[in-house]
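Each of the next two complexes has chain A plus one more chain, namely chain B in the first and chain C in the second.
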Partner chain A sequence: MTQLPETTQRKLGLVIDLDTCVGCHACVISCKGWNTENYGAPLSDQNPYNKEASGTFLNRVHSYEVQPDIGAAQLIHFPKSCLHCDDAPCVTVCPTGASYKRVEDGIVLVNESDCIGCGLCAWACPYGARELDASEGVMKKCTLCVDRIYNENLPEEDRVPSCVRTCPAGARHFGDLGDEDSAVSQLVAERGGMDLMPELGTKPVNKYLPPRPKDTLDEIDILAPLLAPVAEDPKGFMGWLDKTLEKL
Partner chain B sequence: MHPAPSVILFTTLSGIGFGLLAFLGLGLPVVTGWLAFAFFAVAYLLAVGGLLASTFHLGHPERALKAFSQWQTSWLSREAWAAVGALVVMGIYGAGLVFLDLRMPILGQIGAALSLATVYCTSMIYAQLKTVPRWNMPLTPVLFVSLSLAGGALLAGAGFLALILLGSAGCVQIAYWVVGDTRLKRSGTTIESATGLGHIGSVRAFEPPHTGTNYLMSEFMHVVGRKHAAKLRIIALGLMVLAPVILIMSPFNYVLALLLAAATHLAGVCVSRWLFFAQAEHVVGLYYGKR
Partner chain C sequence: MSFEQPILNTSPEVSDEIRKTTCYMCACRCGINVHLKQGKVAYIEGNRDHPVNKGVLCAKGSAGIMQVNAPSRLQTPLKRVGPRGSGEFEEISWDEALSMATNLLEPIRKNNPEKLAFFTGRDQSQSFTSFWAQNFGTPNYAAHGGFCSVNMAAAGIYTMGGAFWEFGQPDWDHTKLFMLFGVAEDHDSNPIKMGLGKIKARGAKVIGVNPIRSGYNAIADEWVGITPGTDGLFILALVHELMRAGKMDLDYLARYTNAPVLINSDPKSPEHGLLMRDADGKQLVVDSVTGKLAPFDRPGVRPDLSATYRHGGVTHRPVFHLMVERYLDPSYSADAVTERVGIAADKIRRIAAEIARVAFDEAIELDQEWTDFRGETHDKMIGRPVSFHAMRGISAHSNGFQTCRALHVLQIILGTVEVPGGFRFKPPYPKPPEIHPKPHCKVTPGAPLNGPHLGFVHGPDDLALKADGSPARIDKAFTWENPMSAHGLMHMVISNAHAGDPYKIDTLFMYMANMSWNSSMNTSGVIEMLTDTDENGDYVIPNIIYSDAYSSEMVAYADLILPDTTYLERHDCISLLDRPICEADAAADAIRWPVIEPDRNVRGFQSVLCELGARLSLPGFTNEDGSQKYADYADYIVNHIRKPGIGPLAGFRGDGSDIGRGEVNKDQLNRYIENGGFFVEHIPDGAHYYKPWNTKYQDWAVKMGLYDSPQPYLFQLYVEPMRRFQLAAEGHGDRQPPDHLREQIKTTLDPLPIWYAPFEDSHVDPEEYPIHALTQRPMAMYHSWGSQNAWLRQIHGHNPLYLPTKLMTQHDLTDGDWATVSSVHGSITVPVAHMAALNENTVWTWNAIGKRKGAWALGEESSEATKGFLLNHLIHELLPPKGDGLRWANSDPITGQAAWFDLRVKIAKAETANESQPAFDAIKSPVGVGPAELTWKVSQ
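Let's look at the complex of A and B:
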């Protein structure tokens, strides 16, 4: 059903550390690998070895340049996938009931056998988290690796989303954001985790940790004293030369 | 937004088709027999033709029946119900007029209301989207319904009423453009709020996630076609409102003028609808440094 649940028992989601992400795109590749082989239709590519290459991805990494008022510009890598919003606009617009938000853990999923591929949910998502697969004609989105996190056939350390398991920098964290005592909730509280486009009222579950402030060191320049002007106020011949040149 | 021909054709044709059905339902004009058949045939061709065109952009049109299930939350689902309701009621009403010479006014009025409700639901599919600030305003349904009424009145040969409705649709269209141009800015959504990095400084998209294109970019970021927007607005208004008004008031053969007026009006609405999509900025474009 496309009516959103009043509350969900848990709020499983990701916390992404923009301070730590190095922009290696390993999460993108790992996500594509896992999700093309497991739950639902594969993530197809169009012309993968040609000029107009494109394909379906559930996770993409942008890079932004941020210019502070003072100081050097910063480059910030920015992974983006479904934020599993509490007030998910993609779910309520679905005409067939293919899109739904689970009561037990808050994951937003698509039942692909009900999807007519109208694309309206992708229109309703401000984050670009949903992509219509060009060869399957159904909507694809992050499942929070629902087929990993509860999978008892996997070793326990692998029961996290593929992107989290793969991140070499430890920039991605997975857990229950509805539980105030969980590690992810504490991380969010400690680092001031934020919502993307909060003004749209989607109430995202996933949070982003802002980059930590850059260190500011006092400038130490051992040559500076030697380079100071010898005479601030020239006298004698130099004084005459200065005045004469000034007049010209 | 990508101006998909299937969606432009759908909203244009079914808008005018349901507008004509609304006028037929209200008995403007009262027609029976073969003349009624001709009127209803045109209305159904436009309305049903438009609905069929809309299925061309579906990934799985064979599952379209499932779209009736979520009327409690989805405007697309409500549109499906309203459209089928309007077509069935107006079908019974029309059959009475064509075959039995029988006019059932209450049935016609219900059909007219359902026809306009269909156009309203169509417009709400767009107007509900907070992600497209230009559409997310009450003027969007007003524009769709007023254009549908104007086109319907024109095809129904409503004369003076058509002139008034065309004029008011033109005014709504201008208001929609003027207000729409300010919507993205007033929505408060920027690349800074999209990335949450605004507290550090001004944000610029440095590198996209990939070297090629993707579904999001082709569906939501239509930048190229906006170049001639100002000229196209004038063309749209001219074809949609001015030309039909002049043609109706001209001393030529009335039927011929009406047919010509209907043709230019349809072409004008097509241009206006193209702009409706091409000029609409989806906020996901901000992540790509595009509008």
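Let's look at the complex of A and C:
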């Protein structure tokens, strides 16, 4: 068993806007690119050019259909990666101490040199956010780009996770969710940001902004005419037009 | 165990070097930072300074690293040694390859250049490839616009001097209501996502009109799940409801459009329906100040929308009268169209009301003075913050041109074009249709063509016909069948060449066009045409030369393969002469440059054309002493002069400080590289809106070399060139259409937008084939290119046919079942999946996921090659025979745009299977299959 720190100095994490995510997978591939080249072993791919291709990804986008009782069906794109939980069950289950939560920022990481690839953490994670790399035999997960966010070799504006930097729709936000004055905390407050499966008690740091209500035009009260006609026939219309043009 | 944590290096070296170039993972052309380690590509990210993507990058762009190492890359020139389609090739040298090509092409040019058909697919160098074709002298050149979105481009240019995407964009920063019609999600890719993000961040509203609620439509606040092919009718119903309520910008219509321009209204006149013009050809209006006739642009004139004018016994009425008569007709009311469009009448009225509310009650005023072309100074810029975007979903129908026109007319009557919050042009647009070239087709053996191939016709005199009236071009572009085919008809080339209609050709030369697979309608038929032999056993299409970077399905059907480089290994220019990357606030162009060198025996196709041009002694590619003029494409980009002072790139000309116009600068490419691979010049303050009429913008455009003189013009709600074709069909004039086309021309080339049912509906029994079938392009794939990409194919390696709930239930289907889908042309058997957020009479699948076994370096058991499928097998390039012996194209009768989305099908449950049908034999791969595992880390 591995211990979690009692508190962390900051709670760095992501805020993902489900009202804005178009499901383009830009974050998925940018993450794959950065983390293949950087932290730890490359994210490998098995049968990359054949049947049953299967690779390691730290971030995936799932799409779910929602069918409300009234109104048209909806499609929600749901990007999912490690939520860097305060009470991370993946850490406490780790038999070697390879999985840990950082004191300074709350990022959950795997120290690959201590990882034996037993898979207990992936089993313990209720979100399915960890993937065992089939080539290296070590557990891979979102690092919140710990090798970007403090990286002095990057321009300051680029010191964000690669998924956030690349997101074309601006649906991903990064910051300190432990600081209620931070931009991300305020966004969460404004938009009713949610925990994923809070009932599990994992206290995820990442938050999701729910989709705004859809198809509300159907609910407009149409007792009043929406567009009152100026005249019912072309001749009357031209009369209206002449009168209107005089005013112009 | 007590808490402890390892010490991490949180500042590792990111790369040795960043090289900035332009992406080519789709047609969007974003700026990218390519990080190199030890000379290898280690990581690709968006370039924050770039005008297109401002730092962001889509999945395709970030996966470029897997494109550059793709096992499907061709290695060396190939000469076919087995029968066509076998994939049997011999590797040859470049010298042998170029000699072969020269020996094929030299006699064609000497004897009859039209025997070469040169079509360049998804080419981003069309101003160069067309220049080459023009120098060769063949009339048979075009790129892929005809099977993509020519309806959108041509309708926009004829109506308002520009269209969506490369021509313009919504005013993302000010718009309050954005309405999106059927969009292939890479047209364009990142800018639309960035724009949607801005709208969402402000809490502004998005309405998505699309039978399928995926992608952008999934985040739309309102979804309109329209019946495919009826968008034009829906738009005209909005026009009806708005007009009826007087919700139009009458001031805008009077000042900036041809609504007040007078039309000959005498049905007996040979000029019936033509616009009234003065001796200088200026369109005439009645000036409401003087009550007299005046040219539209005379200083001080206030055109009258209502006044008529009688002259020479003929009454002339303003265009606006005709519009009122047509669109106020109850046949365009919400109640009249509701059933056909599949949208409740109340919903149509609510959308119209919402548009009107935002356009007029939430109008924007910017405190910005500007002066219009009539010399009047305005102290404010008024904005109607409703904006629109549309692409292939509405274009790729046989009624697509008129539908795109209808959408532009809707924007214009709201006064939302080129105003704050509306739709804005990107330089070099706006550009009136008259200053575009006209098509040219005069062939002279041994000499260049008499001008550019493609252009904009303004009447029957501009058609590309031979002296005997037969089509001059192999694709029959600019003929009575489709007079305004501004981008050609690439989808008809192979079919027409095989049929010898209008004539036979000798050599088909293609670039980046997967015509034996996903880029053709009727794929199986095209494969047969490419391999068909005549009575002597010779191929009906005698010679095929093909250039591609990858082992696509088309490779096996060519006789000579010229292997291209990947996009990181080459020079390119994204030119203002071509398909530019400008923003509404700036002119911009860009380059690609070899950020890595090829590790194979391949050459950039454009450089190959420079050498081939010299070997063929084409004048534009040869010095006076007969030597090669341009060593390679880079040399051409820098040194080619199109007009005095104007070359392919607008930036860093002369001594490096000239913009737009200037002498050749030998150091130009280095200056681009230093600047991040692009050049941008911002539009001055006060010139950002009202560009077609704003003197400050017009003067800036002249200075930039976009125009030779100011070109203010009126938006053409009424498109007079269309009326000229109708007049010919009615029997007026010397150049007459064949009788069998008169009725089609009269009914479809209406100068005011109309809606007619897609042609498929008239020859297919809608009772027997009640279902519409569509494809969509996933955001993370570009046509066939993505499947060879190890990362992208893990996202989109499967393409079931998605069925709505009603059809799943009706046919007793569950996810994973199989169904046979039949059209009047053919049938396929494919896996199905349920999707609820879908028009109840529509099925769809992802475009171009299905692959031929043996192509793209994929294993033969890959999901793409077994369960993947193409809808193309169900779509013929011709309409079913009508019994008149004629070949009627399955295309828009105005532009020739391929009518992909007219398709109607029926569905039946099938036995569970292992492979989609039709299944094809494997083709032998020139590159083999990719590796079994990837652990890609260049710094390992």
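Going forward, the second predicted complex is superposed on the first by the 215 of 248 C-alpha atoms of A that agree within 3 Å, B and C clash if a C-alpha of one lies under 4 Å from a C-alpha of the other, contacts with A are read in each partner's own complex, and residues count from 1 in each chain.
As a convention for this text, contacts are C-beta pairs under 8 Å (C-beta built on N, C-alpha and C of every residue); 3 or more make two chains touch, one makes a residue touch a chain.
Predicted model, so just to flag it, every value in this text is computed and none were measured.
When both complexes are overlaid on chain A, the residue A:N38 reaches chain C alone and has no touch with chain B.
By the document's definition of touching, of the two partners only chain C reaches A:W240; chain B does not. Residue by residue along chain A, chain B and chain C are tallied for touches, and C comes out ahead. Judged by the touch definition given at the top, the superposed model places A:E65 against both chain B and chain C.
When the two structures are aligned on the shared chain, A:G97 is found in touch with chain B and with chain C.
When both complexes are overlaid on chain A, the residue A:T216 reaches chain C alone and has no touch with chain B. By the touch criterion stated above, A:L227 is placed in contact with chain C alone, chain B being left untouched. Residue contacts after overlaying the shared chain place A:A26 against chain C, while chain B stays out of touching range. Shared contact residues of chain A, touching chain B in one structure and chain C in the other: 1-3, 25, 28, 52-55, 57, 63, 65, 67, 73-76, 97, 136, 211.
Within the complex, the chain A residues that touch chain C are 1-5, 17, 19-26, 28-30, 32-34, 36-38, 41-42, 44-55, 57, 63, 65, 67, 72-77, 97, 100, 102-103, 109, 111, 135-136, 146-147, 149-154, 157, 162, 165-171, 211-212, 214-218, 220, 222, 226-230, 233-234, 237-238, 240-242, 244-245, 248. Chain A makes touch with chain B in their complex at residues 1-3, 18, 25, 28, 52-57, 60-69, 73-76, 78, 80, 89, 91-98, 114-120, 122-128, 131-134, 136-139, 194-201, 208, 210-211. Contact residues of chain B toward chain A in the complex are 1, 57-61, 63-64, 66-70, 72-77, 80, 125, 128-132, 187-189, 191, 193-197, 199-216, 219-220, 282-284, 287-288. Residues of chain C that touch chain A in their complex: 1-6, 8-14, 37, 42-46, 48, 53, 55-63, 65, 71, 185, 189-190, 193-194, 196-198, 200-201, 203, 213-216, 218-223, 225, 241-247, 250-251, 254, 288, 304-306, 320-321, 324-325, 328, 346-347, 349-354, 356, 779-780, 788, 790-795, 797, 835-838, 857-859, 861-863, 866, 929-940.
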